[in-house]
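Just so it is clear, A, B, C and D label the chains in written order, and each chain counts residues from 1 on its own.
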Amino acid sequence: MIKDTKVSRRRLLKGSAMAAALAGTGTFFGPWTHTRVLAQGQKKPIKIGFTCDASGQYGDSGQDDLRGCRMAIDEFNAKGGVLGRKIEWITADTETNPATGSRIAERFITRDECGFLVGAVHSGVANAITQVAAKYGTIYLNTNSSAPSEAGENCNRVKFVWDGNGSNFATATVQAAINSVGKSWMLLTNDYVWGHSTSNATKALVEAAGGRIVDNLLVPQNTRDFTAYLLKIQQAKPDVVAAAIGGDDIKALRTQVAQLKLDGKPAWINNQQDWPDVWGAGADSLFGVFGTTWYHKLPLPGVADFVRKWQAANAGGPIPVPGNVSYNGYMATRELLRAIKRAGGTNNIKVIKELEGLKVSAADRMQHFDAYMDPVTHQMQQTIYLARRNAKPSDPTDLYEVISWIDAKAATDTAAAGKCKLAAYDQVPTFEL
Amino acid sequence: MNLLPHILNGITLGLLFALIALGFMLVVGLMEQINLAHGSLFALGAYLAFVVVSGRLPLPVEWVREWLLVPLAWRYAAALVVAPLLTALAGMVLELCVRRTYGKDPLYGLLLTFGAAMVIEELIRLVWGTRDYVLPVPPSISGGMIFWDLIWSTYRFYAAAFSIGAIGLVWLFIERTPYGAIIKAGAHDSEIVRALGIDLTRLRLYVFAFGTLLAALAGIIVAPIWGIRPHMGVDAVVPAFLIIVLGGVGSFWGAVAAGILVGLVVGVSGAYASEWSLLSMYILLIAVVTFRARGLSGKKSLLEA
Amino acid sequence: MVLFEAENLQMRFGDRTVLENVTLSFGAGKLYGIMGPNGAGKTTCFNVLTGRYRPTRGRVRIDGEDITGLPPHLIARKGVSRSFQIMNLFNDFTARDNVMTALPEMRARSFETRRAVASDAKLADAAEAVLARVGLAGKGDVRAKNLSYGDRRALEIGVALAAAPRVLFLDEPTSGLGSDGTARLAGLIGTLKGQLTIVVIEHDMPFLFGLADEISVIHWGQVIAQGTPGELRANDWVRRSNLGKLQ
Amino acid sequence: MARHGSDATQLVTPAMLAVVGVLASLPLWIGQVGLYPYIGIEIVIWAIYALSFNLLLGYTGLPSFGHGAYFGIGAYAFGLFQQNVLPGLWPCLAAAAGAAALAGLVVAAFISHRRGIYYAFMTIAFGQVFWVVAIKSHAITGGEDGLLRIQRAPADFGIVSFDLRDNVSLYYFVLGVFAVVLVALWRLVNSPYGRILQAVKQNETRAAFVGYNVWLYKFSVFALSAALSGLAGGLFAMAQTSAFPDVMSLHYSGYVVMMTLIGGGIVSFWGPVIGAALFLLARDAIGAVTTAWMLWFGLLFMLVVLFKPEGIAGWWQDLRREGGARRPGLARLRMLFGG
């Protein structure tokens, strides 16, 4: 029910006097308020809305994200749910489109009575959903959008970010590459927020380590032909090309680099490779060094078991093994459900506080180091892996060779804390569903 | 920076654009019908080619295994024939719908094919999923070659040469064969065509199918560069439409010239102001059509009314 | 008194000369005919006179005022109206709305947005008057596209007439009509004669020779003969041509 | 599209009263039919947008296929004005309409002498230019992430002020704007100006030769339509508390065309309203069941274009024509929906 003691919510209520008069009732949040009150005392299911893309630039990743999220829910439901309550979920296509994301968030919260929203790949969509979620105080897990701004200037008290971000990956790669490859760098930047913030982070790190940026080529989103850029790169002859290209664009870039056999010199650093992007393209076009948060052949306890369960749940799907996107979705959803359990209910402020204090052991994360939620930026601080194409795969899914891993502390996005301003708890509308 | 490589790149890119626009132009020029599903049929062609080359055929397992033993070059060649023909069949089905709009405001044909584009794209998504595929090509036309001290993609030159060939053949077909003459007459005076005892309905069906076939062919040629994904159709139909408007409705060489011009502008702006390169073609169009009523060399057409 | 005149008009499209040294003058209140074979340049001549094309050389004047190269709507506002050989109506409008749209009263209020057209009875009355004048009384509520061919021809003239022109150009008003229809149109144009200056392009010689005060023959883009019907009957070219034999 | 009879002369028609009345009661029952107030806000805003779009497509016959640009410009202008100049609701809405009108004037100056396919593609090209500029100007518009943190400023009427932060009060506010737009547009399309727009649609040549400056009509109506689209965009920015570049994309520009046609904007004043409601409801309902909603809506759209290009309003008019004389109930409905 709504514990309507907080300033902002009360102001909202007062403001709608006109609506109340017209509607002739005391309530004007529509059916939503009624059902919330009615829910009191019953063992009503906990409902989660998955705001996953099914079409557009990140349709592929969004659906892989969803597979991981569902797996976590199935595991809890098999054990009887959380606090004796079943977990239900609903999803709709956010179309990699912020305006659609915004509408679907409104729908999930006000019509479908979801107390929690999960899922995002595109930072624009994530922000749109965050704004709606913040208005209602609904907790939102940004599973896979890795724009540094998500845990920086666009952070929010109700939003938690689960992927490593561009700055993390850049920190992990730059120093090593300057030492082993060379100091002359060229940047290839997808011309939108994630690309820009990632490239800016890379640039700062390269310059701090004594390297030099010879050029920064901005690539419009939806570029299908990279020849002009590749010609420029060949003419400039840098030691390293650091690419912050995402989604469908990276797939096209990869194919064209492979065709030209340009994947040897210069050395390529791809900030991050999402598994669904890699799987579609085929092994021989995987090039360069890149960051990730997880790999299905990590030699750690529990990984093989997790992969088996995932495969059982997603047999016949388009991707045969879980990758980092599905992993992030799974981990986020699992930790949310655990936090609800620890909080003893779905009161959003209590769950937020639980998530802010979250610490997960390495074994539990199936990563090399312990992880924790940064209470200041709401970003999961976790192991960052560097990988490249596996020259000697053990099976057709074994595309990566993990070459190193570093602890969260060594790859922290140090700028984020200064940019992120979380609202005070009493500024967040509170409720329990 | 040496500009020459970028000009060369622009021309090869332009030839690809012209190839993409070729089928669109045929249908616009000869039937005064804007086929916004052109891009989706282009995508369908690429998907079908992928199915043929990679052996994902709905056939018994042994047959598929046999088929995959055939050298890639042969499978690729087979795809170049089979996929466009199959797509042309889909095009014929679409024409059966589109023919209801003949004689009405051309807007209706445009809108109908807009709806068809949505439907085809969603069907592709349903059948093949949202993930993308790579069309394997024979080693003889992949890889790189070196000149001007730079590595160039062999495939792009193959694609450019293929485009030139296709453009030439279509031109010969229209200008030098009786079929072409009939097609042209069908466009400009349906009375005359009827008087000659030619079945106009069937003629339009075949012209539409031919346009679709060219769309599929373009899809197969472009697929190894762009990758195969459901919305590749939108990436193709907008430039195709733009090229036709820029070249002028009803002008074969206008469209070819417009294609190359667009390629040059995109290629060269990619070198100097890369972030604006996608916009450059629109600015080119605005600059030309503001001053020239029918693009570069368009003719009077129903589509202006 | 000369109301409308064209002086040494030349019209070229690319390297083709369609009109050469065409000089015409039309006096107030008279009816003029223009004849000549297909492709002679008659319609092009109208198009130049009414502003669709700008002549490559020469001058067009109305009432002494130079209107050469003005756009059609400005020429129309000087009191020049025209009909078209291929009918040009507002097909989805009713006959009354077709005529109403052309009324000078409507033009005067054309950027007005507050008052509804339908609330203005004066506009409707004026339109009815024009309809009655061209023999379409009682057909005001029929959509133009649903009128009979002959009625559409009459409406074509009605729309041109509604603009209250000083000079009315009619481009083959009987085109496509049978003999009954042609007679009806001839009657209609006959009733208009004397009320304003009318210039008619026609192939129907009895029609033209019966009505016109003066006829110009255009051939190969030039005026090759000019005169009253009587004078032209004696003209060599008219006699040699098929047109001549028809009379 | 000629509209005769008494309705055309009225300031407020029975149909308007009925539609606004039904919409006003919507918050009372929308929950019972499985919907939520926010969808009502989007429907009304898109209805304003589609009505202003139909001024071009349905009334003047101008295929503007990049119209999302003006909707988007309105949204950005609303947010930027609020964050940088004046926070009040009225100046922000004026800025939204004004900025879109300005953009419309510039574009119209380039395209008003063009027709048909050339006109259509010029509007697409300009739409793409605005869209790309919105994405590229990160510093001003927030790029792909959009312009965030736009406030739902209170509607201040001097004596009373209404807070619009909850969805129901914002709904009533946009409904009020919708009612004003309805009255204004109904006036406009039945005025001499509106009549000449329809004449231009049917025959540009004839309109010119009876003395109308066709260019000026095409030019002015484009700017007017852009201004109203911008107003709708400003409301949308309020609803979403953000402005995003995607509404300017070709896809979204296509949506408004689909809405207008499916509803029957070609033959009826009310077509765009019907279409906007149907489109958004179908998207919401089908989208909750399957992620392939575009497939079903695309098929529906094809069927409409094939078998009833006049859209739902056209189908309704036919039904009325056949049955109206016999059944008094239908005749009464005819009075409502005019024609």
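The working rule: a residue touches a chain if its C-beta (ideal position, glycine included) is under 8 Å from a C-beta of that chain, and two chains touch if they have at least 3 such contacts.
Just so it is clear, the model here is predicted, and its values are computed rather than measured.
Engineer: If each hop has to land on a touching chain, what is the smallest number of hops from subunit C to subunit D?
Structural biologist: Tracing touching chains, the least step count from subunit C to subunit D comes to 1.
Engineer: Taking all protein C-alpha atoms shown, work out their mean, then name the chain whose own C-alpha mean is nearest to it.
Structural biologist: So the chain sitting closest to the middle is D.
Engineer: State the chain with the largest centre-to-centre distance from subunit B, centres being mean CA positions.
Structural biologist: It is C.
Engineer: How many angstrom lie between the centres of subunit A and subunit C, each centre taken as the mean Cα position?
Structural biologist: 72
Engineer: For subunit A versus subunit B, what separation do you get between their C-alpha means, in angstrom?
Structural biologist: Roughly 37 Å separates the two chain centres.
Engineer: Cα centroid separation between subunit B and subunit D, in whole Å?
Structural biologist: Chain centroid spacing, subunit B to subunit D, equals 34 Å.
Engineer: Using the touch definition from the top, which residues of subunit B touch two or more other chains?
Structural biologist: In subunit B, 125, 275-276, 278-279 touch at least two other chains.
Engineer: Provide the list of subunit C residues touching at least two other chains, using ranges where the numbers run on.
Structural biologist: none
Engineer: What positions in subunit A touch 2 or more of the other chains?
Structural biologist: Where subunit A meets two or more other chains at a single residue, that happens at 54-55, 191, 220.
Engineer: Touching pairs of chains, which are they?
Structural biologist: A-B, A-D, B-D, C-D
Engineer: Which part of subunit D faces subunit A closely enough to touch in the complex?
Structural biologist: Subunit D reaches subunit A through residues 24, 27-28, 30-32, 34-39, 42, 132, 135-136, 138, 142-146, 148-149, 154, 162-169, 171-172, 240-242, 244, 246-247, 252, 284, 287-288, 291, 293-294.
Engineer: Which subunit C residues qualify as touching subunit D in the complex?
Structural biologist: For this pair, the touching residues of subunit C are 50, 71-74, 76-77, 81-82, 84, 88-94, 97, 100-102, 104, 106-107, 109-119, 143, 159-160, 162-163.
Engineer: Which of the residues in subunit A end up touching subunit D in this complex?
Structural biologist: 11-19, 22-24, 28-32, 34, 54-55, 90-93, 97-100, 102-104, 106-107, 110-111, 122-124, 127-128, 131-132, 135, 147, 149, 154, 191-194, 196, 220-221
Engineer: Show which residues of subunit D lie in contact with subunit C when the two form their complex.
Structural biologist: By the definition above, subunit D touches subunit C via 1-5, 8-9, 187-188, 190-196, 198-199, 202-203, 205-214, 220.
Engineer: Quick one: in the complex, what on subunit A touches subunit B?
Structural biologist: 54-56, 59-60, 63, 191, 217-220, 222-225, 227-229, 231-232, 234-235, 248, 251-252, 255-256, 259-262, 276, 279-282, 285, 318-319
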